[in-house]
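The data blocks that follow each hold one structure.
Shared between the two complexes below is chain A, which pairs with chain B and chain C, respectively.
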Partner chain A sequence: MYCFLRFSILLVGLIVSAGSYAVNAAQPLTTADDLGPKVEQPIEFPHDRHAGDAAKGGMQINCMYCHTYARRSIVAGIPPLQKCIGCHQNIESVRETPRIKKLFEYWEAKKAVPWKKVHDLPDFVRFNHERHIQRFVFAQNKPVQEACGYCHGDVKTMTVARRQKPLSMGWCVSCHQKDHPVDATSTKTTHGPNDCWQCHK
Partner chain B sequence: MIENSFNRRGFLKVLGWGGATVALSGCGNTSVEDGREFVTSYVQTADYIIPSIGTYFNSTCAQCDAGCGIMGRVREGRVLKLEGNPKSSINNGKMCGLGQAGVQAHYNPDRIREPLLRNGDKGEAIPWGKALELINEKIGGVKAENIAFLTGGVSGHVKALLKNYLDALGSGHHYVYEAVAPSIMRAANRKTYGVEMPRLRLDKAKVVVSFGADFLGAWISPVHFSQQYARFRKADNGERGVLVQVESKMTLTGANADRWLAIRPGTEGILALGLINALAAAGLSVPGDVAAVVREYTTDRVSKDTGVSAEHIGRLAALLKERSPSLVIAGSAAEGYAHGSQNATAIALLNQVLGNVGKTVEAPSSIPFPQMAPSTGNRFALQSLNDNMAQDKVKVLFSYGVNPVFTAPASMKLKENLKKVPFKVVFAHYMDETALEADLVLPLNSALEDWATVMPEYVAEGAQLNIQQPLMEKLYPGTLGMGDILLALLKQRRPDEYKGYEDFYSYLRSAMVSNKGALGGSTTDDDTFWDATLSHGVVKLVSTPVNMSGNVSAKGLVVPGPFAEDSAYPFHLIPAVSASLRDGRNANEPWLQESPDPLTTIVWDSWVEMHPKTAAKLGIVEGDIVEVASRSGAIKAQVYVFTGIHPDVISVPLGYGHEAMGRYAKGVGVNAFKILDPVFDKETGELAMHETRVKVSKAGRRVVIVKDEGPAGGNQMGRKIAVRVSSNKVNLSEEV
Partner chain C sequence: MSITNLLENWSDFRQQHPSDDRPHREYKWAMSIDLDSCTGCNACSVACYAENNLPVVGKEKFAHGHSHHWIRIERYWDNDGREFADQGAQFLPMLCQHCESAPCETVCPVGATNHTADGLNSQVYNRCVGSRYCNANCPYKARYFNWYDYPTTDNVWPEPMNQQLNPDVTVRGKGVMEKCTFCVQRLTVAKSNARSAGRGVLDGEVQTACQQVCPTGAISFGNLVDPLAKVGKQWMTQQVELNKDKQAKDVKDVEEKAAKLRGYRILEELRTYPSVMYLEQLRESAI
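This part shows the complex of A and B:
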């Protein structure tokens, strides 16, 4: 039953997206081709374990607990190692697992974990996390995971994150052209900025 | 001409292709660095460190000796841009272009990255431990009096450590050398005011007469003077100050003056005395002995000697009489002669007669920690070191913060004399001309990754100690700060005294904290005091104004007449100090090479500045390559024809013409230091920088000068951007 429901939602999603594709002749939304390369990370970080649903063994941690800079900076940032350790020094149960052992090795050597970039834009594009998070999460009261998911996909189901969307200009614009309410209660709508210099400064 | 191997067009082509590749990979659906680049992540960080948002840390600019306070914008652990520190009374939050290029000294690709020991023609990388041990060994083998330390201007805790090290060695031979410094003026000031560097208050003056002091460009503390100048021009009472610049070659300050007077080189003192005479004639009370001396300097004679018209002398005297207080400044152009001291004294006398002392010439403040007070340098120091080397009296030589092989005139034969020194240690950032002669090269941290304290020579208010602190981690693990090296050397000599300090930082912290009472921290605990000190970047010291004791007497003041004609070498050479290149120590910072000279707009090369009349007489046009030959040598460079220069004078900027140092400096332009004649100021023994006589001859080729201005000073296409009025249409009686 559960499986079936999910499947049908996916189907609806596909049809809707196909429909909007046909009507707006915009860039396609997520397709298999939009997946970014598989990025190998020094530690295979389990996003699903940290952010996933409780029903599936996840901890349901808010994205912004670790990616704390997203709401106040143009980049979301990687949390400092001290944040990982802050929790993990009190979680004895996984202390001896290979990934956590590796984590503590970095900590003891006082070396930052050399995480690789998964989402990157060309240098002539200036994407601002703060603007999006402030708009969707704080003004419109959207769930954090949904707001982040517009661009990052369903990270809570992944281990190491992988790019899910094309992040091309056409794809950005397809969203910026959509009307959305200015805030959670208002009936007034607006759409994302359309000026070149918003992103190309 | 850029004579080195890279050709500009080829360079641009390569850049174009590179750019295209990057752009292509950036288009389409691929993100550029997915899975390749690393994300900045920290082990531990303060809450205020947010990726992509700059954090500012205060430090001190080390690009020139003015010691402005700076704030470095640091992002993701890298320093990106420098601004002025508003807390520093020297620059009040402003900076100059030279200071801005400080980041290029830091990120410079030609920095030395590890200690190098000479092995034949090559430098072999060796570990620091071995390098320091080698120094210890060499020093042990010679007598203390045969050890010499040559440095640029030093101050603060590095100076204190250096002195302790020299004491520990038992050698007092510390030579402080500055290639371009107002040392004759300092001596004259000491005589006339009792202090070397009185405070000049342009902002309080109603008229400023500057004898070749380029205080807006390259003189002493240009950012500070520029701010004073702004207040002088737009005073609170609405009265606009009048600036008259008297010099033989137009400087940036000259270009800003209300009246620029081209004076025959070397006759500045005559004009000053002539002005006193004219003022006395106009009724200003002048002491009897002064009046007696200046009596013979009648306007007619002065006009004949100096080339300044009698009309202008009269007008200048009237202006000075009418508007008081005024300020008269003796700059490098006045002091650069064998009679430079007399010129400077005559100019100081004019200040005295005008009653400016105490009004616009103020007493500086006492310095509470004399062991940290700045040691200022001169050229005489290099001369005496050179003599000692020639007589084999120097066995071990240390050189820090100077590049004498580049800045010494060829006639000194410094390079040959250096060869007589068996062991030479050079502390350096680049393999410059002096480092190439060394036996051991020790690479220094850049100013943006080093600890130090700096006490500038010219401080605007009170006394001040500047903090220089790292704005980011060291780029190369193999470099060390000067303080750290001195501390390590001191540990060899006085282990008991210094072993408690792990590094220079811990020494500095404990030295500062243990004196916190005198540094304004008596009521705070150590950590709070130290944190506040670092966050402010400057420490105000408790001090009182010193007494200005000296007195100018006209007795014995003889200013020689104008130079006799020299038919073999008809022109005076003025080696110009430009605002960005100064003595050439920053020549490997490409922004400085690329930023156009403010007056000629020339980039990436030297030039020979010449009056149109002179050029016509010699049959020379712009772009001709000429040979400029003095009795001591010759250089070749392109001619730039410019009206802002006396017809008897030609001028070549300093700082160009490096034979080493790095990719941006090497082979660009010619080195004017080399052809300076060995003429010295009679009183101080200083090299007289403006005494060199030269001849000019065409060398055959002609080039297109690379400069920003268009033909004929910029084609305005009828837009009246800068309106010109021909001189016969100007009503001179309304002008200064």
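This part shows the complex of A and C:
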């Protein structure tokens, strides 16, 4: 009797698990609808010009040159105006273009540029940039733009950044469930933590 | 967590009694509270309110039996046989015991309360549907239910008091259960910092809010796996073992020895395997 019960429970489990496999296969993780809203920034910052490929007229600047905190803090950080001016006061060729003029207006008024948030997670979620950058860029030696692009999309082709990934829990978990090598050379793999309190607070 | 992951890694997720076969890997957070040092000043409770965004429910609701103190001071007035019976109450700070085999976890219909790899009893507010079954099953009555939507309707944190809310902790809405988290937001930061430095969390590097404010240092908190941790040493000296529901010191032939030991865990016989050890009060006998 009990043996029979146990078998039927197992059967239900198998059917459910097969069903969930099917559901997973049917739904692509990223769809066109995942594209976030267009965010109007005070200055139309050209990411493509700064970080884009040299062949397309980009400067190929490392993401972490401006977003310095990504490797050592929970947040990646928006660069202070000093950082922009630090380079741009020496770049005479673009000094009179409208965007740079606007930049220097802020500088002369001694005001910070009121950048708007593009990748905004709910308040109950804790996402740590440091852990991800240390793992992918420093341990696994992935190119910086690729590693940042896992969540931020191909920012080097955009002007103002726009959300391209869903940033939903299922999407996060889909990567946490995958086995990733622990460093660039080792064959040993681990997956991301799957404990709720790792991300939920 | 998809069901495939749940089924494939069932051994990681299922509730198990602690055993030598399945030891904790890096961390097992535990606490010990010295009741002899505790003066019942309630500073721990106040610190918890500030750290964890707990709403002050007010006199009227408290009179109806509603409260939100994740750590509360229980008073016992049993003074029979004491030399100085008018000396006052005996105090016991009661918080979630983070049981290794927690009765609350097994009854949650939606799996909102789980055991983490660090030996914490986690409560996930987003998943909680407010059945309150866990509260009913908790022998320590350490879980608190949000009957009201404090952040909005009741104006618990009027301007500018909302500025003191801790951004690392969710402000819970109506209809979810909440309880002591062992200040998991602090543990996460400490673990991340330690990992960047390529080591484990050192003893004393992370403190819970209640431990930090305790004026008499009655509360110690740390990693039981770490052999250098104060809390582990206390557990060992008191001969209290995490994975036993009956401690060796309680056996009759070592009765004399046991009389000198004052470590115990509350309602241990229920086989909840709590992570909080109390040190019995002996102040009066020491006088």
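The criterion applied here is as follows: the second predicted complex is superposed on the first by the 173 of 201 C-alpha atoms of A that agree within 3 Å, B and C clash if a C-alpha of one lies under 4 Å from a C-alpha of the other, contacts with A are read in each partner's own complex, and residues count from 1 in each chain.
Definition applied: a residue touches a chain if its C-beta (ideal position, glycine included) is under 8 Å from a C-beta of that chain, and two chains touch if they have at least 3 such contacts.
This is a predicted model, so every value here is computed, not measured.
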item	value
Partner chain in contact with A:77 - chain B first, chain C second, else both or neither	first
Chain B versus chain C as contact partner of A:124, first or second or both or neither	both
Touched partner set for A:110, first chain B, second chain C, both or neither	first
Broader residue contact with chain A after superposition on the shared chain, chain B or chain C	B
Which of chain B and chain C A:94 touches, first, second, both or neither	neither
Partner chain(s) touched by A:182 [first = chain B, second = chain C, both, neither]	neither
First (chain B), second (chain C), both or neither touched by A:195	second
Partner chain(s) touched by A:59 [first = chain B, second = chain C, both, neither]	neither
Interface residues of chain A shared between complexes with chain B and chain C	72, 74, 123-124
Of chain B, residues touching chain A in the complex	23, 26-29, 31-45, 50-53
Of chain C, residues touching chain A in the complex	1-5, 7, 9, 12, 114, 116-117, 120, 122, 124-127, 167-171, 181, 184-185, 188, 192, 195-196
Chain A to chain C touching residues, read off their complex	13, 16-17, 20-21, 24, 72, 74, 123-124, 126, 128, 130-131, 134, 170, 173, 177, 193-198, 200-201
Touching residues on chain A, where the partner in the complex is chain B	33-34, 36-40, 69, 72-75, 77-82, 106-107, 110-124, 163, 166-168
